[in-house]
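The following pair of complexes shares a single chain, subunit A, combined with subunit B in the former and subunit C in the latter.
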Partner chain A sequence: MSVTVPRGTLLVEAAKLVKVEVPVFCYHHKLDPVGACRLCLVEISPGPPKPTTACTTPAAEGMVVKTDTPLAVGARADILEYELVNHPLDCPVCDKGGECPLQDYTFRHGYPTSRIDAPRLHFKKPIPLSEKIALDRERCVLCYRCTRYYDEITWSQELTTDERGVHSYITSQFDQPLKSVFSGNIIDLCPVGALTSRVWRFESRPWDMDHVPSVCSRCAVGCNVTLWKRRHQLVRVTSHENDEIDEGWICDRGRFEYTHVNSPDRLKVPLVAGAEATWEAALTALLEGVQGRKLGIFLPQDITNEELFLLRRLVDGPWQDARVALERRTLLAPPQGETLPIKDLDGCKAIVVIACDTADDVPIVNLRVKKAVSKLGAKLLVVHPGHLDLDRWPDTFHVRPNPGETAEAVRRLIGHELLQEGPVGILYGDGHGAEDVDALTQAVVDLAEAVGGRVMPLYRATNERGALGVRLAGRQEDLEGCDAVILWGPGRPPASARFVAAWDSVPRPEHEGADVVLPSATFAETQGSYTNLEGRVQFLRPVLPVTPPLREGWDVLCELGQRLGMPDMDYLGIFHVQRQASRAVELFAPLADPPAPVPNPTPVLYGPARP
Partner chain B sequence: MAALSEHAIEEIRALPPRFPHIRSAVLPALDVAQDELGYLTREAMTEVAELLDLDPGYVEGVATFYTLLHLEPIGKHHFYVCTNLSCDLRGAYEICDHIKRRIGVEGFGEVSADGLFSLEEVECLGACEFAPMMRYQRRYHYDLTPEKVDALIEAARQNGGDRAADSPRDAAAASQKPPGRRASSRGPTKEDSAELNA
Partner chain C sequence: MPDNVRPQSGDSRRDLRGSYGPARHHLLTSLFGIEGLHTLSVYRDRGGYSSLRKAMFEMAPEDITAEVKASGLRGRGGAGFPTGTKWGFIPKGVPGPKYVVVNGDEAEPGTTKDRYIMENSPHMLLEGILIACYAIGAHQAWIYLRGEYDGPFGMLMAAIAELRAEGILGDRPLERDYPLDIQIYRGHGAYICGEETALLESLEGKRAQPRARPPFPAVKGAWGRPTLINNVETLSNVPWIVAHGGAEYAKFGLGTAKGTRLVSVSGNVQNPGVFEIELGTSFREVIMEMAGGPPPGRRMKAFWPGGCSAPVLPEWGLDVSTDLDEVARAGSMAGSGGVIVMDDSHCMVRAARRLLQFYAHESCGKCTPCRVGGNWALRTYDRVLEGQGSEVELGTFDAIQESLQNGRCLCALGDSAGFVIASTMKHFRSEYEEHCLEHRCSVEEQVVAASA
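Entry: the complex of A and B
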């Protein structure tokens, strides 16, 4: 078989294109090749008369690669035999069992027996690396994916290798818990069961879970995730690689903040004055409560586009004077003109990050910035009063204005020597309220114009962009003075509230004593879509069913509309809502064309090729 | 905090510009720290990391990799006795046992009660032609005999335990190769082994 690939493509990737499996542990398509595990040995000609690592050798014109010669097959089997020298036989209780490359490769490439009877290395196990991650050093094959990920991708070295040679082991620095918000990705990276999730530990086996690709609900980046369920419980969240957004990384908030979905405290039935009630009674009580009062509505950050559209209709109609607040929102206005898509950060020659701690507010954008800088050679400028993790790059140019003076500092960057070469990406936040946002935005736009760059406003709330698209993104303070409030999500009632309706998935202290309580569906159950910070509409795929009496938000909003006598509120399903929303709101145009519920599966054996 | 003295901190701060990557400065920085403290404490490693703008984890990884960087206290006088093939055949373990008896310790890595001495077996130091040999006080000592070792221990005791730094940093300067037998007909001389730090 012959294959033509772009210059620089490594042999492992070229092999995938012709459907030949070259087993790898240390190689990962998002990390620099290192050649540590030696499992990918192949024979190449012309070349040395010995096996060569396919993960560090780029394909060349006329190169002949043989994977099935006795030399190559034997070399790989020998390496596997070595990998298994210290590997314990606890596969039956290992969380990785069933989706473990070591198992699969041993099955397909290894010897059926081992000739090694030397004593095995023993370590204490499992060792908690943090609240969320457990480390089993006996299972580790020292591929260094985890430490390389930490170092290359997150620019931190809190996970490291101690000792050397056969005595090497992975450890967190001085055995202190990992602090990084990006730590969970090492679980996905680990090709064996050495790094496992403590949240999911011993919950289920990989083969008895169902999974769907969906979108993360925790911030405005919109990383793609895979939701895993078992027996009507959401048991795991992993990344789902989308190179246009997340490159296969998700942050720990997205990965671990899902346990409320399975909480035994989940609200399932509506409550009126503390007593269980039917939806009919609860909605009646709610409508009576807000009747004639000054209404305030608090929205959760992960409200869907469809819910926003329906709520917009309500606020345009019967709830005309209602004020609306959005959880975690920034003060940024909707962007004017073209903005910089996340994927285009890769092409930037210079990146300016303004008034935003990206690691905290938009974690995966932070990783994209780091990639553009350390792997693709972009210059990095930061305008922020504090010390950020982006400062770890030795050549970061960091301006530290006093809080409130960021706009002037941004203007002073015009003509800066690092911004001479484009394209320039300008990322800006709102300084968490410390800045005059209008002045800052104007300064950013002026800078973009002067240096020929594009801007990327860094919104915080998951669907803030969608909420701005339908002008429903006020602040918590805006609810002051309202005497009836609907608290959807974790909002506090203002002091002025005489009537409080809470609408949430779990009880919260701030909802204590609410007059009406409505149960809400979570991101794992609801249909709908989010608009991420770049304006991209992405669809949720519910992994759990909505079990009555639980109802989805859009459904409840439709009924409220009907009860308030609005016309055309009797949608037959969410597709009808989406179709209408796509016509009514420019930002929601992609709703007209929802994707197939489940995308095509990728082949298990080879995986997608990434030349 | 400040596990390190002002002087050491200054010395470490001056290191990075001398290297293409800041990480290259970790080893010399750890040498400075070990010179000052005798061994590397967690605090010292953390401080080195801060001075070089790295996470302590990286420094820890480097420090645990090299056996010449000590993570446990060692004696003020530390014997690095080679026990590889040539030295072993010529009685390196007898020398080790002799040293252990003299300084009153049971095993390698143990520090004598007075805190003065400790010993460690090391891999080949590249002076097989003078086996058995050891590194002690920045110098190689050749053709070891119990008497030669006794003289060294006695001199150190006389010295009152004035800690002469014995660190890998000095190894480069001090291990000017002894005149090889082939290169020079002189062979090892008395000075080679009897030389002590003043």
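Entry: the complex of A and C
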């Protein structure tokens, strides 16, 4: 088999293109190669008659790579034997069992029998690395993916190796719990069961779960995730690599904040005055309650585009005077003109981050900035009053304006020496309310014009961009003065409220004493789509069924519309809503083309070939 | 050994162990033993720093590299890579700093030559470093010094302070606009720090673990910059080469290995020490004559010709010459020149076990074969020596030695551990079989019988 690859492509990547498996532990396509595990040994010619690591050797013109010579096969089997010398072989109780490269490789490339007769080395285990992650040092094969990830990708030296030789072990710095918001990715990275999720621990086996690729509902970045279910429960969330957005990383919020989906407290039945009721009765009570009153509606950050479209129709029609607030929204206006897509950060020669703690607000954009800076050589400028994790890069140019003076500080960057070379990416947030956003936005636009850069407004709420697209993104304060409110998600009723309808998946203290309570579906159940901060529409794929009497939000909104006497509210299904929304709202045009309902299963552990 | 001169009685030199003093082939050690040689004034009185002056005022940087190439000098740290070629690998005309890093982490068991140089003539080393800096276009040199070397550290610090005071180090050394500086970095006591890329990691303040090559340090070394890494002894040869010319140096030695080298002889010999020999001298001369051979009544059994990382040679190896290529043809390595001699009172299985203990302890843990293999072998040796061996253990030794060698590991440490097993099994298989199959040790029985 022969293959032509771009210059610099590593042998292990070239092998993927011709579907030859070269087993790897230390190599990961998003991390720099180190050649530590020695599992990817192949023979190359022309070259010395000895095995060479495929993960550190770039392909060359006319190079012949042999993976099946006795030397190469034996060398790989030897390494697998070594990995098992001290491995506890506790696969039956290991969470990795079933999706474990060490298992798979040992079956495919290892010796059929074991020569190991010595007693194994032991470590204390399991060690809790944080509230979410457990470390089993005996299972560890010391591939250093986790420590390298922490160093290279997140710029936080929280994980390290202690001792040396066969006694080496992974440990957190000074045995302190991991604090990084990106810690969960090491669970996906670990090629054995050494790093496991304490949230998912002992919950299920991989072969016992169904999974679908979907979109994360926790912020505006729109990382792709894989949702795993077992017996009608969402049991795990892992990353789903999409190089245009997340490159295979997700933050801990996206990974671990799913347990409310399975909560025994889940609301399943509507309540009227605290008593269970039918949907019919509950919606009647709701419509009566808001009738003739000044209506305020609080929206959850993960409201779907379809629900926004229907709500827009309601607010254009019978609920004309209603005020709408969106959870976690920034004060930023919809972007004017072209914005910078996340993937184009890779090509930037200089990046300016303004008035936003990206690690907190848009975590995966933060990692993309770090990659552009440390791996691709972009210059980094930060305008923010506080200390950010981006300051860990020694060459970060950090301007610390007083709160409220960021706009002037941004203007002063015009003509800065680090911005001489383009393309320049300018990322800006709203300073969490400390800034005059209009002035700041104007300053950013002026800076972009002066240096020829493109801007990326950093919205916070998951579907803030979609809500802005249908002009439904007010603030919680906007609800003051309303005497009837519908609280969809974690909103507080204003003091003036005479009538409160709560619409949520779990009971909340804020909703105590609501007149009407409607159960809502979660991101794992609902159909629909989100618009991420770049304006990209991505479809959710429900992993759990909506079991009656639970109903999806768009369905409930349709019924409300019909009850209020609106025409054309009797949609035949969500596709019908999507088609109409795609014609009505420019931002939602991609809704006309939803993806195939059954996605192809994707491998979880191996990434695609590196370009 | 006609002109192996130890100072005659009445000479004012200090008494050192080994060979030094005015002999035709004493290029490095001719001045050793002179009282006060470690001071700048005495060293300069004896012609010191004239080579640096010559290099900086009479020669172009390329000429110096050419002379070193012509000398046929090969690295004295272990691998024996041609020094001039290595200097030629440093890219020219790239913007930004380049560095010279001196490998003074002499941790190879049985090797003490670098310490011998640094304690006797620190200025000879410093002069070599400065010439190398000038030749490759570096302004900063680092001496990575073995952490345990307190004596050499003090002497080098004093010597560097003298150079600073005299203006030979600083912004205008010898009145020329070519800033030069030397810093010392003390290691923390790990054998792996002597491996050049692990040394660089350690120098940068990280865990000392080797890097995958390429990129080689000449392209991407300390702090990602082009870096020349040479051994202490290698650089100490440079002043002589510059003073007398590469062709003159090449008159010493044979074949592709030119010049002289320091061998440190230790173990069961009557007169251990550091000897400067012309390359090509046979090991018989080195061990039996210079070092006095094994103690009376004992028989030479085996020796490690180049530190314990080189495969062991049995008695017949005495007739091998110290020429780098000839040692390689005999199935071993000239390595760092640390000759460890064992007489017939030593059981080779026990010796191999002790060395494996060293390699298992010093494995950095980065690559799998070395990390696990060394420890596995050690535990297997322990079982065999406790009399629990069998045919299986012989197979295990074979499997481990094979999977440690020949590019399977990230650096040469794993190979060295493999050499220990492979070479002792190759030359002394009968002892292994005795231990594994018969659960006895004939060497021990003989020693016990002799002492009874």
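Points worth noting:
Following the convention adopted for this analysis, the second predicted complex is superposed on the first by the 601 of 611 C-alpha atoms of A that agree within 3 Å, B and C clash if a C-alpha of one lies under 4 Å from a C-alpha of the other, contacts with A are read in each partner's own complex, and residues count from 1 in each chain.
Methods note: a residue touches a chain if its C-beta (ideal position, glycine included) is under 8 Å from a C-beta of that chain, and two chains touch if they have at least 3 such contacts.
Keep in mind it's a predicted model, so treat the numbers as computed, not measured.
Of the two partners subunit B and subunit C, more residues of subunit A are touched by C. After overlaying the two complexes on the shared chain, residue contacts for A:34 are found with subunit C alone; subunit B is out of touch.
Applying the stated contact rule after C-alpha superposition, one finds that A:174 touches subunit B and leaves subunit C untouched.
Contacts of A:394 after superposition on the shared chain: subunit B is touched, whereas subunit C is not.
By the document's definition of touching, both partners, subunit B and subunit C, reach A:163.
Comparing which residues of subunit A touch subunit B with which touch subunit C, the overlap comprises 160-161, 163-164. Of all residues in subunit A, only 33-39, 41, 48, 50-53, 56, 74-75, 78-79, 82-83, 85-86, 115-119, 121, 141-142, 144, 160-161, 163-168 touch subunit C in the complex they form.
Per the touch definition, subunit A reaches subunit B in the complex via residues 151, 156-164, 171-174, 392, 394. For subunit B in complex with subunit A, the residues that touch the partner chain are 22, 42, 46, 53-58, 60-61, 64-65. Interface residues of subunit C, counted against subunit A in their complex, comprise 190, 207, 211-212, 360-369, 371-376, 379-380, 383, 392, 395-396, 399, 402-403, 406-410.
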